[in-house]
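Pasting the structures in now, so scroll down.
Across the two complexes that follow, chain A remains constant while its partner is chain B and subsequently chain C.
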Partner chain A sequence: MADPAPAPLLAVERLAVDFATETGWFAAVRGVGFELARDESLAVIGESGSGKSVTAAAIMGLLDPPARILGDVRFAGESLLTMAPDRRRSLYGRELSIIFQDPLTHLNPVQPVGWQIGEVCTIHGAPRREARERALELLARVGIPDPLRRYAAYPHEFSGGQRQRIMIAMAMALRPRLLIADEPTTALDVTVQAQILELLAGLREEYGMSLLMITHDLGVAAEVAERVVVMRRGEIVEAGSLPRVFAAPRHPYTRELLTDRSEEYRSPAPAAAAPLLAVENLAIRYGAFRAVRGVSAEVGKGEILGVIGESGSGKSSLAAAMLRLRPCDGGAVRFRGQDIWALDGPGLRDYRRSVQAVFQDPFSSLNPRMTVERLIAEPWVLNPGVVPRARWRERAAELLEMVGLAPSDLDRYPGEFSGGQRQRIAIARALALEPEIVVCDEAVSALDMTIQAQVIRLLADLRGRLGLAYVFIAHDLTLVRKFVDRVVVMKAGEVVEAGPAEEVFANPRHPYTRQLIDSSPELGPKLAEWRALPDPPAPGPARGAGGPPAAGGG
Partner chain B sequence: MTRFMLGRALHSLVALLALVVLVFFLARLTGDPTNLFLPMDASLAERQAFAERHGFDEPLLVQFWSYLVDLAHLDFGMSLFQARPAIEPVLGAFPVTLRLALVTMVLALTLSVVIGSVAAYGPGGLFDRIASLLSILGASTPDFWIAIVGILFFSVSLGILPTSGTGTGWHWIMPVGVLLLRPLGLLTQVVRAAMIGVLNSAYVKTARAKGASPRRVIFVHGVRNAMLSVITVAGDQAAALINGAVIVETVFGWPGIGNLMINAIKQRDFAVLQASILVTALAIFVMNLLIDIAYSRLDPRIRAG
Partner chain C sequence: MATRLRLLRLLRSDAVALAAAACLVVVVLVALFGPMAVGDAAGGINLRNRNAPPFEFTRPWLYWLGSDSLGRSILARIVVAARTTLGIALASVAAALLVGGAVGLVAGLSRGRTGEYILRGVDVIMSFPSLLLALIVLYVLGPAPSNIVIVLGVTRLPVYVRTARAEVLEIRERAFVAAAQVMGAGPVHIALRHVLPLVLPTLLIIGALDFAYVMLAESALSFLGIGVQPPDITWGLMVAEGRAYLTAAWWLAFWPGLAIMMTALAANLLAMWFRIANDPSLRGSLKARVAGNG
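Right after this comes the complex of A and B.
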């Protein structure tokens, strides 16, 4: 240890990246510095816009002018930014490689995957035959069944998880010393995410390589990394050993990130009453594909029903049926005991008024050409009598304030708001008709963690004040378990388990529920363990009697 | 795949039939061939005899029906002027045009891929700006005007190129040059736009992260993807070339199908006109089919569907 230390594998020094915009330079990364030793695993965490992916792109030489790069990136002592292009290209793909969030767009759609893996070898001088053998070997290693046949298949013929395996095979082809993984599992279901993380861990051990994991998911970071760097708005706000940072965060932002994971939003569920909205033995088909088969569920007044399941489990079809956006191919959806498809006239209007929706994508679910006022007032145009015309603006302003926006936002357009703010507008619109149930179809999935927490807090608060009921559809278990009263677990169109949330999460009976819970990277237990460590490194140089507030947190 | 192709062929057949109807009746709108063919002072009896011999005295629908029946036997009728089956001059002239179109198209595609790709690699740079300006000029200059200016300049003033006819390599330069302008201009624009899209795509990022050189990125990963959008436009342009040949062949006296068509119209030689249009249409349909095949070869996502 006392030897003159060899250069770290990767050293990022005062890195700054500016992008040219119409109004001048935008500083995406500002003075970022960190080191990564051989065999080490470092996580860079932060929310969208924090500059973490730009940092990765700068390391991999993927930023072109007019982007401006200052500072330095050294790989094994050599500056990647100033070395000759030939020399740099000889390192990329061979010594350092990268995998990305969305493997479908990152694979060439018109070349066979085997060829694309082997290409790494041919670029770096291997003969074709050897490249092919290596590609086959790698396909088998990353767990693609029947490599010989699948070698010639194209990216669109694989599932999302398999595509990420192919990306990994490509990155591993020449046994690099450093792998950068930029949100590698964000687009994947939790069970697939768990498999990919396991594969990465196995390969890391086998090849003895360093890992730079870029992620917004603290659970993923905790799973793979030994050290962590927290970024916010282009700067590093905190860095250190992962257990130390997670157990005793020093920076308020890190603390905020961590509380969001552990906060409880649950309020006491109301006493059971007659179900407001009930789904009975529902079936939905798309052609020959049976999306929903015999699903039953119900929501009472003021109750929160969670629906969880992976992509393709039929949960969004269930939401569409509840909202009368799609006819049932079997079974029924009942509102106050009446089949919603038998409703017409005043009954249908009452149902439409009472059951509202908030969708996943706040970017496409708000008409970009309408002002916020018109967006919120539109339901009143369609439902005369709820709010008198003269009070529209006043009431819209009230709703905006209720969801935490300012009345002055009424005249702005959706494009001027951030994702979280748009979702608040969508909620305000859903509340315009004073509904009794709001169906939230992945309503927070597209948002950053701290924003997710804010929106959930808002929803929980509104339930307390207005007695709202929610159908909360999500794939993120961490959120669901802290928010809902009862939960329904769906798989391949069927309900595999249902019951009170605490019970289901504490004692899952169905193996699939257990698998979902196990796959979901959970911080809680680890945090408790780290916080219980005898003496976490002191947060400051001097530790006074009172101690800094962060040390006592937990 | 085979089913897809059969479907396309069936579509083409319907379109071809519609074309036959259109051409037959449109040609009849241009006037009575008897007037044109016989001397001004021909007697009524002579006119009558001529009309009877060629069936012009029958009602139009009857003429059309017998034309269809003949067509079904691959009989395109007799040329009024040349006393031989109408298909013969057409089959003689068509390869001459095809050669001209082929040379032009190969040149246009090759040049546009190279120029467009290089321009796309440095958008906004000097090369890109010059290439963009010239390609817009090329795509929008009227070909008949440039052809006449070309003759005036190279043949009349400088006297280095022949004004018309075929024979030597020199004869090719002006017709190909004029014919080339529009497809080259348009295709360069399309290649450039497609290539800029491709070079900004995520898989190009992956290729660069593998250590691929700029040349490899463009020519191994870029061109094939960019060609997907280029090839559709290229097909249209190839069809337009055969039409453009009418003007260029007339100006330069190139003995191809365009020249033949113009003469057939002037002489009311319906049989030759119909045969040349049908053959041209058939060629365009075949080419569209080839483009569909090429498209599915290039893009595996189409092949599956």
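Right after this comes the complex of A and C.
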């Protein structure tokens, strides 16, 4: 850090990126400047819309007109934005490379992965034979078992974590000096995420390369970075060494991000009541694949049941069965003691009214062709008699206000809202029938952390006011911990552990539960450690946000 | 009502779409009232006027676009043919769209065997040579316009069934369909309220494209003598008749060809505009363009 002589490996200087929209230029990145030294690891933290990925794309030359780029990006002293295209092409892939969030869309589905890794070498002039050897070596290095056989396999034959490993192998093929990682673990399970972060750290040590990590996850940043840059709405709000920023944040936004709000997720649990919805020995099969095997669980009035587990553990199949969206292949789901598939007439109507759902993806769970008013009123169209026709608009406005939106939003379309707002609309719709249970299938997973916190607080608050019960399905343990009363841990379609949340989290009995808890990147202990440092590291000469002060930069 | 007004206002502000709409309105008006205006000039043989070239403004206005090999006014014939052409094309496309769309919707939404059977049926239609089908049907039933509509409609049916089914399969898996089920929606509600509005724009676009195709297919049938029978005329038939004279008298095929092209183009542009205007997430771009244009 104290080595001033050579030019920094990467210098972003007063970078501004504008996109043309119908209403003029939209400034996605405004006057962003930071430097990255050789061998250093920097995390750019920000929520969606903060401009962090656009910054990465600008560095990698992935932005095309009509995007407008101002400022400069220098790599080892040379300007990437003005250099000859030939020179730039020879740098990309060899000196700097990038890995993305979604490896499946960034790998070519019709080429074997070994060939794709070797391609990076052949593009930069290596003979085929050598490329093949290098590809095999890399596959082994990133931890793909049996590389010789898997060389000829196609991307769809790998799991998500393995695909990310393959992307990393491609990026590492020519030993770059700088690796840009754009949310590389966001789509992965926590245990896989831990492995990938470990792999990245190992590779960094081995090759001596710099890492620019773009992430929204403070835990991930704390895991890999030495310095952090916090972005918000296209501007840098804070920059500095990791312990300094995390232990003593200066900007209110950073402070907001770092505040542990999980205590606010708590709401008083009701006294034990007869189960409203019970799953008994449930089995679900997709062909020969047994997605759920012998799962039992129950929710009482006003209770919150958490279901945690990794992708493929059968959580969503369980939710679908509870919602009567797919039939059970064994066992039963009972509502007030009655099998939901035996219900008809008034019983079925009562069930449909009482059990509602909020789905993961707020972009697809709202019909894009309907106004918010029609969306919220749809349950009343389907269940006549709940709310009289004349009161629909009024009641819809009330529901919107309850979830923190304005009545004037009634005439807008879902496309005009952000992800968090759409999820609020979905919650308002779920509340329209005054249900007793809301099944939330990864209802906050797609949202930014601050929005997540808002939605969870809203749900906790609604339980207090309306006596709602939730089945809360999630893979993020930190969210579940304080919010739910009881928790069920699922793995490969089976329940491995169940019990009161506090107890399960404090004393996990099953090794899988322990593994889940250990893998989830927790800030708490590290923060305490940094805050306890006798003398917090001096906030060096404003190296991060630094460079010449930019107009509007912070 | 309010939506219709808003659509009209949007249309008025989009020059291209407005021109397309105006063009279609003119064509429809010509088809409805044109024949009365030109009287029986379309059939008036005048051998002294054979193959008169266009743009000779010394002749009566009916001959400004030239005349055909029997000396009949091309303008008058185009006007008279508009009615048959549009009638047949519209009816065939509408029939194929309605029946095909409905069948495709059912095929996409049914979880059981029905969808499979429908698809195999469609495959049969597709694999049977359409010209052969036309020959057989029109030979057996006689070349009445209604039979031509049936033949053309059946031939175009598979496109709509397959497209509708493919779109439905994708839409069916979206979360809002599951959300509607959770609210207690039955299959009819889901099909009409959630799936159809998203499938319809695609079908309308295909319909607009098919409009041109059907006009040409009908001309091919007429050329073979099993389509529209003289003295009835259609644009396609005029193109087919004029083909023999292409080198000597280009205007015989050119003017009806131009009519076909303009109508199809206008239908396409309007359908494209309609798709955007009907989609709340895309409508913004139309409005913005309007605002930008002042």
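Everything below uses one rule, namely that the second predicted complex is superposed on the first by the 527 of 554 C-alpha atoms of A that agree within 3 Å, B and C clash if a C-alpha of one lies under 4 Å from a C-alpha of the other, contacts with A are read in each partner's own complex, and residues count from 1 in each chain.
By our rule, a contact is a pair of C-beta atoms (placed from the backbone, for glycine too) under 8 Å apart; a residue touches a chain by one contact, two chains touch by 3 or more.
Note that this is a predicted model, so its numbers are computed, not measured.
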| item | value |
| --- | --- |
| Superposed partners chain B and chain C on chain A - clash or fit | fit |
| Touched partner set for A:93, first chain B, second chain C, both or neither | first |
| First, second, both or neither for A:251, with chain B first and chain C second | neither |
| Where the C-alpha centre of chain A sits as vertex, the angle toward chain B and chain C in the overlay (nearest 10 degrees) | 30 |
| Contacts of A:106 with chain B and chain C, given as first, second, both or neither | first |
| Partner chain in contact with A:68 - chain B first, chain C second, else both or neither | neither |
| Partner chain in contact with A:526 - chain B first, chain C second, else both or neither | neither |
| First (chain B), second (chain C), both or neither touched by A:23 | second |
| First (chain B), second (chain C), both or neither touched by A:359 | second |
| After fitting on chain A: smallest Cα gap, chain B-chain C, Å | 6 |
| Common ground on chain A, meaning residues reached by chain C in one complex and by chain B in the other | none |
| Chain A to chain B touching residues, read off their complex | 60-62, 89-94, 97-98, 100, 102, 105-111, 119-120, 123-124, 154, 156-157, 167, 170 |
| Partner chain C, residues of chain A touching it in the complex | 21-23, 320, 323-325, 348-349, 352-353, 355-357, 359-361, 364-369, 371, 378-379, 381-383, 413, 415, 426, 429, 433 |
| Complex contact set, residues of chain C against chain A | 174-176, 178-185, 189, 193-194, 197-198, 279-281, 284-285, 287-289, 291-292 |
| In the complex with chain A, residue positions of chain B that touch it | 201-203, 205-213, 216, 220-221, 224-225, 228, 298-301, 304 |
